[in-house]
Amino acid sequence: MRVDGREPLQLRPIHIETNYLKHPEGSVLITVGDTKVICTASIEDRVPPFMRGEGKGWITAEYSMLPRATETRNIRESSKGKVSGRTMEIQRLIGRALRAVVDLSAIGEKTVWIDCDVIQADGGTRTASITGAFVAMTMALNALAEKKSFPRFPITDYLAATSVGILKNDLTVLDLNYAEDSKAHVDMNVVMTGNGEFVELQGTGEESTFSYAQLQDLLNAAQEGLTELFEQQKNALGEEITRKIDARRAK
Amino acid sequence: MRVDGREPLQLRPIHIETNYLKHPEGSVLITVGDTKVICTASIEDRVPPFMRGEGKGWITAEYSMLPRATETRNIRESSKGKVSGRTMEIQRLIGRALRAVVDLSAIGEKTVWIDCDVIQADGGTRTASITGAFVAMTMALNALAEKKSFPRFPITDYLAATSVGILKNDLTVLDLNYAEDSKAHVDMNVVMTGNGEFVELQGTGEESTFSYAQLQDLLNAAQEGLTELFEQQKNALGEEITRKIDARRAK
Amino acid sequence: MRVDGREPLQLRPIHIETNYLKHPEGSVLITVGDTKVICTASIEDRVPPFMRGEGKGWITAEYSMLPRATETRNIRESSKGKVSGRTMEIQRLIGRALRAVVDLSAIGEKTVWIDCDVIQADGGTRTASITGAFVAMTMALNALAEKKSFPRFPITDYLAATSVGILKNDLTVLDLNYAEDSKAHVDMNVVMTGNGEFVELQGTGEESTFSYAQLQDLLNAAQEGLTELFEQQKNALGEEITRKIDARRAK
Amino acid sequence: MRVDGREPLQLRPIHIETNYLKHPEGSVLITVGDTKVICTASIEDRVPPFMRGEGKGWITAEYSMLPRATETRNIRESSKGKVSGRTMEIQRLIGRALRAVVDLSAIGEKTVWIDCDVIQADGGTRTASITGAFVAMTMALNALAEKKSFPRFPITDYLAATSVGILKNDLTVLDLNYAEDSKAHVDMNVVMTGNGEFVELQGTGEESTFSYAQLQDLLNAAQEGLTELFEQQKNALGEEITRKIDARRAK
Amino acid sequence: MRVDGREPLQLRPIHIETNYLKHPEGSVLITVGDTKVICTASIEDRVPPFMRGEGKGWITAEYSMLPRATETRNIRESSKGKVSGRTMEIQRLIGRALRAVVDLSAIGEKTVWIDCDVIQADGGTRTASITGAFVAMTMALNALAEKKSFPRFPITDYLAATSVGILKNDLTVLDLNYAEDSKAHVDMNVVMTGNGEFVELQGTGEESTFSYAQLQDLLNAAQEGLTELFEQQKNALGEEITRKIDARRAK
Amino acid sequence: MRVDGREPLQLRPIHIETNYLKHPEGSVLITVGDTKVICTASIEDRVPPFMRGEGKGWITAEYSMLPRATETRNIRESSKGKVSGRTMEIQRLIGRALRAVVDLSAIGEKTVWIDCDVIQADGGTRTASITGAFVAMTMALNALAEKKSFPRFPITDYLAATSVGILKNDLTVLDLNYAEDSKAHVDMNVVMTGNGEFVELQGTGEESTFSYAQLQDLLNAAQEGLTELFEQQKNALGEEITRKIDARRAK
């Protein structure tokens, strides 16, 4: 059995609170067990220099943790004067993942800035960030779509992420909390679309390795969790937006 | 009349939610109108080098805003690689203010790290930070006082802060929101103890000046607001802690 | 009695040497007791990006200390690669203070860069900087006014600063030197115009507090010192410039 | 057909030159097509602070490109004053991968510093770095093993890496060069041990996605290439070291 | 006798391999004994801001060492986040030296970026860099000269550099290796043109001094070595380019 | 004739004011024409890590310019967050030069920090810094020598520096001011001891070259100026210190 009493393939309780903040075009507080992340989407009316003139939009993401999101206090990256490798890796992942389900040509030369700020961490902060950021981004782009005559709805599918892993006792589990994650042999993050296609697969043996058979187990576990996450996203987004996404997926 | 319909000397609605986060020794979400700040207090079992061996504790504070706490997105200070002058000024102010009501000899060689993270900003973020941080710090030190036999309760008085200002139409107002603050002639932050003593007074004419008579008006306005803030702090802290503070004030 | 034999409300000897350097548009060596600051004013023919197109000028200030201005050597901020919070606080204060007595519309889109470099420090470096910088800036803008037909003389009043404080023995004193400042209970910097209006008031209890009655004592002490400082500034500026400022004050 | 005439599952020509430099404990110039990387291994006689006292060793890696390793000149990271997210991601990957095949307890409190410096880049620099670094590290640790009586040979298996991808025309290919990589739909890096276990799997849809069936194709392609890379490593390491590794694998 | 058996005025074996890399406009691997430097020349189609509009070109250089070019590993300057004083001194020297033999008006508003990356260091890395960079730069500019109708061939003379020094035993030696350099009393770098004119002379007593007579000995020794270096450069550049340079020298 | 009416081999007026500041162990304001530099010497009671345990002292130097020491305002290096190559080159030169005339074993494990802050610049700031710093350092070490029983007086000779150059009209001149320096063909800094030995020789053709004969002219010019500078240093140091240095030179 797992440290918090869950079944191996059971997600922690999820909650997605939309319109959490007043200023951003889209904002969400996503709760996955004790992990809590504020995800916001801000629209900027231009693209980075390397994309100018192509008539396409861009999605970029930043990720941070409050110093006391964790058990012991972390020094702020602003005080250290530099962003850690882990942070950079995560924010590159979030941006890349989201771009896979946005029709960038449909939004014109705009940048969507995604900010994921972890206010409480208990494992799975990067996957919660992706799952929450998808909702924030979709709400921001939907609001814009209602004001501007976009040639077509720009969100082409749902997008969510979860983690799976193999514990020391060889148990394959879904949605690891911090206690599990810090001791797992193998740790894998899976980002998937609503259609069951992979967007990103990052599996790592921690001073360890994993076989092809174990890979298959891990992917099955992930699939199970992602199915539930897509339902949560639909609930959070509401019927109208869900209908628009489904229309694009059908194409 | 004021832009949000308030009377000149009326505070915005205040709410202080304690134990907001799971990990920190003390944590608070303080809401002042649309301004929301997460204040946490973390205890570290040593003091900075310049204080070692004196047998006294230290209080230090950091302050930050989420990029989208504001109307338009701000670049993160971690991305810029340096902390702005405004941020430094605020975090120095918060730490200095809190140290005025802590009996540093009573806590031994410990550092209390205060983190104030603004998740939504609508004016008065530094004063809300001080008011909220006092509660988070008090709860953290009280918890420690219950475990360790401190020689005496270390909090010597209440501490809160508010802003006052003079608007373009010469109206003296209490607790300016962002719209008022950005256009005020004179802006003053007042940090005060429960006994009505000043800890910090920072008054600034914004390309403008103010007279001695106006100063007196501003201080009266501040006094009014602070009285209410102390009541809110007592409610948040609860009867038991309030009794301990009152016992120290009586000395 | 005070450590250097002064009366409580006695300033240290002041000297303002104008045209101290060859290159800057305005330059001053101000001596306040053993505190010596080189203040220069440089005119740049444009304003920062956030002010372009408004037809108004800007005043900005930088402050630094020679490494050996102090008792023990300080590491240069250029070697540390960042400017300290204290430095930032001081340079923001100097710039803000000076802007209160300049008619920014009268100078057009120009920036006045103020540099205050402390070559010897014995307390009160920030107030000496403001007092000296006012003279340097006025001389630079007057020289410009003589060449360009400004619509009106841009300096609207005198501006000086001093410090007051409450010593451990509860004595209220004017113009604290370093030995006094490092032990004072309460420390207050007052920036005032020639007309007796406040521009900036920064009072701080150092792990201590102060009452309303003490605040009044402090302000009276400051007023006394500032009256003498304005006389010194007039002497340094000379009759002709003094006449022009007085003409603007009369309006 | 591929841009350089290769079969879909054909590696580019590989060459591993050992003892390439005079000073390092282990050094290799690895050539994969037009990609050339100098990999060195340096032994330091202590571990990072977070590992002290555990009696175990550590492996850490740094990665860099000469400014003109690429088609157009890149600004040096030392000139920019910070290391890019891409560089951090790669150096974290290299270190993590190598640690999976080293018995860290066997080497005691030592750090192996791996430096991978790309002198010419044509795609696949991170996988070439891992493949080359394994050889440099093994030679350095073997040399040390001969001098110190390690309790057991510390390398537990071979380790190599390659890339696979899906081109725009849906062709699954092995070992992408830069021209292919910059246009591929899906890009996957696979790090594997000599026993065919995964150490790291990083698959990314570039503004695109991939199915479970495509994942299987990609993994088969990678397996093919890795088999050849292990042969090259054995040739470079020579019979004696190969025998020692094989002995550990047998356990 | 010298530590490696050379005569006092004998250079170490030199080799200059041209077209060492695929991408740069000019590239060289220069070997001087055990010192090995990759020198590349990249052409950029604009000049730095301070030179725009003058119709002249610019040469700028960067220098770096691989972390393990030396006996013990050096921390990368990119990790430290800043370039050392030694590195800056060397790259300023290289750029300045090369500019002395280029007719900057002849190349128009272009920048030649020189990169000298030391992959193995055994003393004399800065002089080897200059000698190698001259060849890389000349090949890059010659290639450009063949494509663009430059008004005249832009290289006006050969340029090479060597070191000379006085050892502890008062022996004057040419081309110091690291063992000699680290113990020499006096160390001098001489940069000279093919016509025997000085471009740069940097002589330093290392906690020591040198007389006028010793200076003359040092310069004679340098002259001897430089004569051989010019021959090596001619061989590397080939007859055709040599003829073009000689034509310009004749003027 | 020269731009300021001097003879080719005539120095500008020199003045060395000792004990210029109150806090440093040694301090000097050196004036060379319109160039003014504050040189201070601070004694620290330890040496840098790389020298600990050798029983020897160390001399290190830092150099800076006030932003408005020059015709147009320079951005502070503290604001830029890094020290320029030019500054690093100069401070390395100053430290190295001074170490040549200090018997480091005689002072034990102490560091002398030299700070040269240019308050007004008109060419020759690095040579004025060396000449002035020698006096400040000597006074600081002499004061220490009087308190501590040093085994012997640690200053072994005088040390001064000057610049020489060749103007566009081929005139060889001594002590170039800024107007001359910015247009000279050849620029050479010479650091020499009282005994006429070279400590440092840095000659540079600015997009130009110089012959052996010209080198001899330059060195003769430098010799002339240095003779006068040593006289000025003796006057500034006074008879007693001069006698001590002369005693050490005699050995």
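For clarity, chains are labelled A, B, C, D, E and F in written order, and residue numbers in each chain start from 1.
In this text, a residue touches a chain if its C-beta (ideal position, glycine included) is under 8 Å from a C-beta of that chain, and two chains touch if they have at least 3 such contacts.
Predicted model only: the values in this text are computed from it and were never measured.
**Student:** Just to be sure I understand the contacts, which chains border both chain E and chain B?
**Tutor:** Both chain B and chain E are touched by no common chain, going by the contact rule given at the top.
**Student:** Where chain E and chain F touch, do the two copies share over half of their residue numbers, giving same, or under half, giving different?
**Tutor:** Same; most numbers are used by both chain E and chain F.
**Student:** Would you kindly give the rotation angle relating chain B to chain F, two copies of one sequence, based on a CA superposition and rounded to a multiple of 5 degrees?
**Tutor:** That pair's rotation angle lands at 120 degrees.
**Student:** So how far apart, in whole Å, are chain B and chain C when each is placed at the average of its C-alpha atoms?
**Tutor:** Averaging C-alpha atoms per chain gives centres 29 Å apart.
**Student:** Where the centres are mean C-alpha positions, what is the separation of chain C from chain F, in Å?
**Tutor:** Roughly 34 Å separates the two chain centres.
**Student:** Can you check how far apart chain D and chain F are, centre to centre, with Cα atoms defining each centre and the answer in Å?
**Tutor:** The separation of the two C-alpha centroids amounts to 52 Å.
**Student:** Between chain C and chain D, what distance separates the C-alpha centroids? Give it in angstrom.
**Tutor:** Chain C and chain D have C-alpha centres separated by 61 Å.
**Student:** Any chance you could list the residues of chain D touching two or more other chains?
**Tutor:** Residues 81-83 of chain D touch two or more partner chains.
**Student:** Mind sorting the chains in ring order for me, with chain B at the start and chain C directly after?
**Tutor:** B, C, F, E, D, A
**Student:** Which of the residues in chain B come into contact with chain A in the complex?
**Tutor:** 21-24, 27, 34, 38, 40, 42, 44, 62, 64, 66-71, 73, 76-83, 87, 113, 115, 117, 119-120, 122
**Student:** Which chain A residues qualify as touching chain D in the complex?
**Tutor:** 82-86, 88-89, 91-92, 96, 99-100, 104, 188, 193, 195-212, 215, 219
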